[in-house]
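Letters A, B, C and D mark the chains in the order given here, with residues in each chain numbered from 1 onward.
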Amino acid sequence: MTCGNFCDLTDFNHCRLIRLTKTGRRSLSHSISHSSTDSNSSGGSDAENPEDEVSPRDMQQINSKGNMDFCIKNIKLADFGRREIELAEDEMTALMALRKAAQGEKPLAAAKIVGCTHVTAQTAVLFETLKVLGAQCRWAACNIYSTQDEVAAALAEQDFPVFAWKGESEDDFWWCIDRCVNVEGWEPNMILDDGGDMTHWIYKKYPHLFKKVKGIVEESITGIHRLHQLSKAGKLCVPAINVNDSVTKQKFDNLYCCRESILDSLKKTTDIMFGGKQVAICGYGEVGKGCSAALKAMGSVVYVTEIDPICALQACMDGFRLAKLGDVVRHVDMVITCTGNKNVVVREHMDLMKNGCVVCNMGRSNTEIDVNSLQTPELVWQHVRAQVDHIIWPDGKRIVLLAEGRVLNLSSSTVPIYVLSITATTQALALIELFNAPEGRYKQDVYLLPKKLDEYVASLHLQTFDAHLTELTDEQAKYMGLSKYGPFKPSYYR
Amino acid sequence: MTCGNFCDLTDFNHCRLIRLTKTGRRSLSHSISHSSTDSNSSGGSDAENPEDEVSPRDMQQINSKGNMDFCIKNIKLADFGRREIELAEDEMTALMALRKAAQGEKPLAAAKIVGCTHVTAQTAVLFETLKVLGAQCRWAACNIYSTQDEVAAALAEQDFPVFAWKGESEDDFWWCIDRCVNVEGWEPNMILDDGGDMTHWIYKKYPHLFKKVKGIVEESITGIHRLHQLSKAGKLCVPAINVNDSVTKQKFDNLYCCRESILDSLKKTTDIMFGGKQVAICGYGEVGKGCSAALKAMGSVVYVTEIDPICALQACMDGFRLAKLGDVVRHVDMVITCTGNKNVVVREHMDLMKNGCVVCNMGRSNTEIDVNSLQTPELVWQHVRAQVDHIIWPDGKRIVLLAEGRVLNLSSSTVPIYVLSITATTQALALIELFNAPEGRYKQDVYLLPKKLDEYVASLHLQTFDAHLTELTDEQAKYMGLSKYGPFKPSYYR
Amino acid sequence: MTCGNFCDLTDFNHCRLIRLTKTGRRSLSHSISHSSTDSNSSGGSDAENPEDEVSPRDMQQINSKGNMDFCIKNIKLADFGRREIELAEDEMTALMALRKAAQGEKPLAAAKIVGCTHVTAQTAVLFETLKVLGAQCRWAACNIYSTQDEVAAALAEQDFPVFAWKGESEDDFWWCIDRCVNVEGWEPNMILDDGGDMTHWIYKKYPHLFKKVKGIVEESITGIHRLHQLSKAGKLCVPAINVNDSVTKQKFDNLYCCRESILDSLKKTTDIMFGGKQVAICGYGEVGKGCSAALKAMGSVVYVTEIDPICALQACMDGFRLAKLGDVVRHVDMVITCTGNKNVVVREHMDLMKNGCVVCNMGRSNTEIDVNSLQTPELVWQHVRAQVDHIIWPDGKRIVLLAEGRVLNLSSSTVPIYVLSITATTQALALIELFNAPEGRYKQDVYLLPKKLDEYVASLHLQTFDAHLTELTDEQAKYMGLSKYGPFKPSYYR
Amino acid sequence: MTCGNFCDLTDFNHCRLIRLTKTGRRSLSHSISHSSTDSNSSGGSDAENPEDEVSPRDMQQINSKGNMDFCIKNIKLADFGRREIELAEDEMTALMALRKAAQGEKPLAAAKIVGCTHVTAQTAVLFETLKVLGAQCRWAACNIYSTQDEVAAALAEQDFPVFAWKGESEDDFWWCIDRCVNVEGWEPNMILDDGGDMTHWIYKKYPHLFKKVKGIVEESITGIHRLHQLSKAGKLCVPAINVNDSVTKQKFDNLYCCRESILDSLKKTTDIMFGGKQVAICGYGEVGKGCSAALKAMGSVVYVTEIDPICALQACMDGFRLAKLGDVVRHVDMVITCTGNKNVVVREHMDLMKNGCVVCNMGRSNTEIDVNSLQTPELVWQHVRAQVDHIIWPDGKRIVLLAEGRVLNLSSSTVPIYVLSITATTQALALIELFNAPEGRYKQDVYLLPKKLDEYVASLHLQTFDAHLTELTDEQAKYMGLSKYGPFKPSYYR
């Protein structure tokens, strides 16, 4: 088997620039820096502040220790960035606990990691943890807009080789990645990727490096999809761990987070009152369960649509009326899609909606609402405010379309730092696992995080809640046929 | 009895300028106009855009019909303002239903109303309704910042005598009020007030007018307080209706609205995740009940503090641990005051809080958290973003203080238009009631809206929910000793 | 004014024998004694065990101390009864706390109380408390079936003059009451009544006693109704306290208790699963709120019917669809009445119900379901088990009628001892209040328990929950205009 | 491979007689027949009514058609039994829908089924369905107490070969089973078992029959355990389907049913009020989730204990405090075990409990509470009523032990017929699947019901709720990579 050409497999250039990940967005919107109008959240429609300055590539900077192995916007922002990192450390207690627990052991000693993720205070806590655990790292941004320049400066000041700034050009983007990989005397042996661009670049330019690489840790759905395609094509030449689909992360991303962000997103975009409103929620998977529970709790009357009878029965037992969208769409005040499917809300439905009906998408894809079908001459689009359009029918009826049908909570809500902490901790453990795994444990395939480590991530995060786990006695462990230290459930358990 | 000097009784000048009412704030923040940084929501700390223009008072304008009896910013904004009013009409279905139901009857024919309220699209729907019901009106703003200039323009274009613009000086403010009252050939016989300034002005300058005035309708707590003081002092010389304390309005303001706005406000100011968090809620009245229910529904563990054993027992039966603040303050992640009392959270408590604890106030007064006690040299205040300060202890511990202890949801949440509609409908009905009441029904006192009208407000708002009331049969009405048309409960029923 | 003839006013003989109060029923069903098939719970339809023994009236008994001033079934049951009383003491911690707190002070010294209530372990704890607080008492049963004979024996053994046994004849009933009142050298000065029979008897036979009586404490709705009739007729000659309508008791009886007993009652009579079921709840007062919340929590889809727009709006905001019964009756699985009204569910509705629909009544009256309308030749009644009838239509459709339309939770659920404790504590405090009130505080009228004492009852019951009340500081009390010791809310506050 | 000796593998004789399954218990307790004190629910402690009659084996009966191939208590009960079956048909709409849908096709034509399950109205609906679908059946009871004699009579009257009566001896039990298998000219080819006794008997006595048997459908955990042991030992010689672990059945048995039965069971055994009570729930799997949600909804304060960090984190996010039992056991009012583990509540815990604490087990095994540790001389056991013992410490403290630590809802609650319907429908589909599966689809192993059939069971049960499933469009199915007709989720999806 040869390590194939990654870039043949996916049209990544198109998706990269508009790809939105939660990590990047969040840190911007609530940063102390105030610098952050969240430029990438609206899909590029808002104009950037023109920054007419010299490109960082053309301006060699030097830190207070005389080191120049980095490329960032402005080293003078370092103090400010350090404060932000310290604040993030305060909140990422689980990751800091891991750092503390493992710093003696140095499980990443000899690891040489190239990273390509958002460059924010939270990810800085991750990378500095990797360093404390023994790793050498080089780091580029996975998104041209999302870098917190002050954070990059703080890292550079500490001699961390970071290549990232807010407002990179596409050429800059690849240049930065290349600077992480292509360095005299440096042979990376681990890849930490978010979107697959670093992996792609190495496949394309330096495939020989894969001889030394012990594994890839990938966070994003897009990146995992690309790895699976490589794997199917027989071209994946190292093991990879998919950190996106760990149980802990999934439950938080889909159920717990959406339970909060559906409310948040709706309030940030409309001034609707939830009490007494009738809502149709399409899909009763984890996202649909979270949204339904939240709106029910706020006093809405929720109808659920489903295709899967088992999920449908769960909706019934949870007290929701199960209906077809066409049967309730005339009288509901909101329609929320959570299916992962396409064309769930179509023009025919929207023609039937009552005046003022709010339509939005909390699902995975941007195709759940057939927004294209609204691009017809007889309908008037009125852009009301960020993320909100009124679509006006000839008879004056208007529906309120949020985020143009794109995933709503990516655009209009913030991701709690708690969820970022789960992701970062999972990434760190996945790197440790792959780097230290005995020969043969992992083949050239895409793996989930082992259940036991997934449980460990959860246990680190329990501490925030002043929560106390019970330990099995020896007798109980034997009775249950379990190790006292887990895993406690089969790997498929959700 | 003589009609006394209103201004002796209360130091209204001080409170007027910083007084925040929900009505004003809301319409700004979600206006189509985009013009609205909510300048008054942060208590004056944000700088105003300098508007170096000529004062409206110095610039006579004329509408398309040749009318000049108004004073506003810019008559050219009329079309835009009309669109906003039409949007508001769409949403204020209950008030529009009342308009339609009563327009034949014209219950306000011969009423001459002077109004002093926020001037927004929603209140415009109210005033235009009063006009349709037969009243003549003159209208000034009750807040120097809250006027939507385009709405004022739309009214002026329709020959409505409105005197208001965004950014009035204090002198402007009283000048506008005076222009409503002091007009040749105009003797007002009804007052619609929000804060008591119009009432005050007439007491002070034109007390003789009270001979003709049939009543005052007052919305704000401040204004009601002033009326009660007048009444106690024997100086109230006309009946007044307190629309703030009607059952319908109270339930929405305190219970249903807070249930939503506590979540909204916290998400808009912090990126806290509610799930698993421990929260102390001080006070279990309607506001406390709403906040507790909402946070419990989002997966928080809620502790309640109370002084009243009956409310305390309700908290227990609703599944909350009842505790003293001092006993739980060390380990909670948030403290929310909802008491109406002062110094509920004091320095001693804040000294005990853990790092990162969020402290905020949802109660009525701004004194529930003893913020002054934090103004000591050893504590560092760090202003993090709008509405958010970090207070840092010498050992590095920081607490997160929201809105500087002022009422949180007034600053950080929007009031749903539904609640504005309840207020406006209640005001209209109170005006009709006072204007048409037979001699002797109302004395020179402050009244609540009659229960039957309160029920009518509720019934108008039910229509939004496609809700169907049951009617008593004759036999049932007799059995219950009730009229078929209400009131159905004693007046004290909540 | 003369003290009138009580018996003219109400036809009490009819209602007494079938009157069911919660107090009596409960203690029977869960007694240790096993003796208790709850004979009165099914409205007399079950046959009594024939008890062929000698009547207690014909069999003089004597206790171990030589005392004979009592009349009960069997003094030998005393030890067993004492155990039951001790168990009840364990659970009635609030009443025991009151006993302990006041035993030094003896606030009922010189009180001579005649009581007519159920004679059970719980009421024994009340009467023994009255004794500890200084009172002399004589006690008869208010129900011919509900006496726990072993408890009566335990009291008699302690020289308590008690006149009651299970299975009294009507003649016995009045004889026992008379033995409490008509005793040489005994002039009662307080009446503790449950149903009004004791009061009636004194009015009828010994009206002169009212000169000494300081007051009446009445628990039952029936008794209060009779007192109000007396009062209206100008014939009430002493003050009375209505303990049924105290805030604490009402909230527990109507909201908290029903929230649990609706589930309990339905499970005890049917094997319906709540999840996914559609339920119509008629009435959204406290009982309706409790039932709706419970069924919603169990996964039912609940529709609410209401006549009062304010309660209707509350239902909407709590997430319930408001409908007319006729519009939903075809497709619901259950109909539950909670209105206090009559003929809420009529034959026309029942004709429309689907096969298997369950119909029951949680309201106050037994007339909410028009059961008489089902007594027609074409319908077949099938008695399925206790409290359950199937009514079968000619086409085979059957509806499931519970408790023949009588109040369901009185028949099919138990009253938690916690609620009995609230009643008993309220009765004790009402007696203390009336007995010690200064001249003039109470007129010849029916009063509610003063708010402050109501709050005290609540505070005593908080202790069970390990709940900690906050105390006002002096400064706060002043700011709020309250006493530090309550009352904290206006008397009408619910 | 030879078909091994089943009886060597498990000590089934011991467990059979005390084995309780939900199916048997339920139908007794709510039967129209009134005959049913549920004699086996209390583990044998209640005395049986002596039935001095002739054994059915000694009394040849004949039905109205002259058929004698059955052995039951009394053929005269047939009419009454038929009514019960018809009532059950009314409620088991899903199974009846399957009967109707498949009766034309006759998917079980040529199937010869021997059944060994409870003999009740509900299982009669299953067996008569099998007959309608083409099968020949012979049927014995799997429990010596649970047979509804009138139902057996109704079946016998319809020429159904049934061998079962209430109160069989052990010898009778095996004789009945043998009469199903060992009949001239009858070679069964399918086994429907509940507990494994039929399978055992054939293994032991007629192993040659397995050459013709196409499969075994087993419902009980015990039976499945025995099959797995056979399989591990290489002695299972036909495929078996485990119907207990289908997704639909599991969700209902563990989550939805327990959510209701925990409340039901506690109310039937104690008169505890849930509101305000503190409860420790050990284990946060499906059962623990159901119990926690129910008690929280009733106003209890719930603490959860867990060993698995992922379940623990879910408990936190659902708003429960995670604690060790030892840390909260002093102050809780109830402890409920839901772990499947042993010795979760031990003597040390019970020594610390407060007076009146209720202890019970909702888990799978009977060993979760170490009841043996309470069998010491210093503790007094007081049997208070069915399922309730007080254990009294020397200092007078008593704890309330329910069902002697056995699984509570098996003893004290009823299983809704809805759940029985799910089981029966699953059994029917499993029989159809195994009987019609093409050669090679199933090996000699234990299988779960295929996901698609599991979904079909769910869809049949949706109809009860008037629930409407959405169908995938062709385009959507393609987009999702799914068949339009399912399965919609991977087989491990819960």
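By our rule, contacts are C-beta pairs under 8 Å (C-beta built on N, C-alpha and C of every residue); 3 or more make two chains touch, one makes a residue touch a chain.
Because the structure is predicted, anything quoted here is derived from the model rather than measured.
Asks: Steps needed, at minimum, to get from chain A to chain C via touching chains?
Replies: Shortest path length, in steps: 1.
Asks: When B-C is set beside B-D, which has more C-beta pairs in contact?
Replies: By the number of C-beta pairs in contact, the winner is B-C.
Asks: Give, as an integer number of Å, the spacing between the C-alpha centres of chain D and chain C.
Replies: Chain centres of chain C and chain D, defined by C-alpha means, are spaced 40 Å apart.
Asks: Just give me the whole-number Å value for how far the CA centre of chain B lies from that of chain C.
Replies: 43
Asks: Return the distance between the CA-based centres of chain B and chain D, expressed in whole Å.
Replies: 59
Asks: Among the residues of chain D, pick out those that touch two or more other chains and give their numbers.
Replies: 256, 275-276, 298-299, 313, 316-317, 321, 465, 467
Asks: Name, in rising order, each residue of chain D that touches chain C in their complex.
Replies: Chain D reaches chain C through residues 26, 30, 32, 34, 90-91, 256-257, 259-260, 263-264, 267-268, 270-278, 293-294, 297-299, 331, 355-356, 384-385, 398, 413-419, 464-467.
Asks: Which part of chain A faces chain D closely enough to touch in the complex?
Replies: Residues of chain A touching chain D: 247-248, 251-252, 255-256, 305-317, 321-325, 327, 340-344, 454-456, 458-459, 461-462, 465, 467-473, 475-476, 479-480, 486, 488-489, 492-494.
Asks: Quick check on the complex: what are the chain A residues that touch chain C?
Replies: Residue list for chain A touching chain C: 275-276, 296, 298-301, 313, 316-321.
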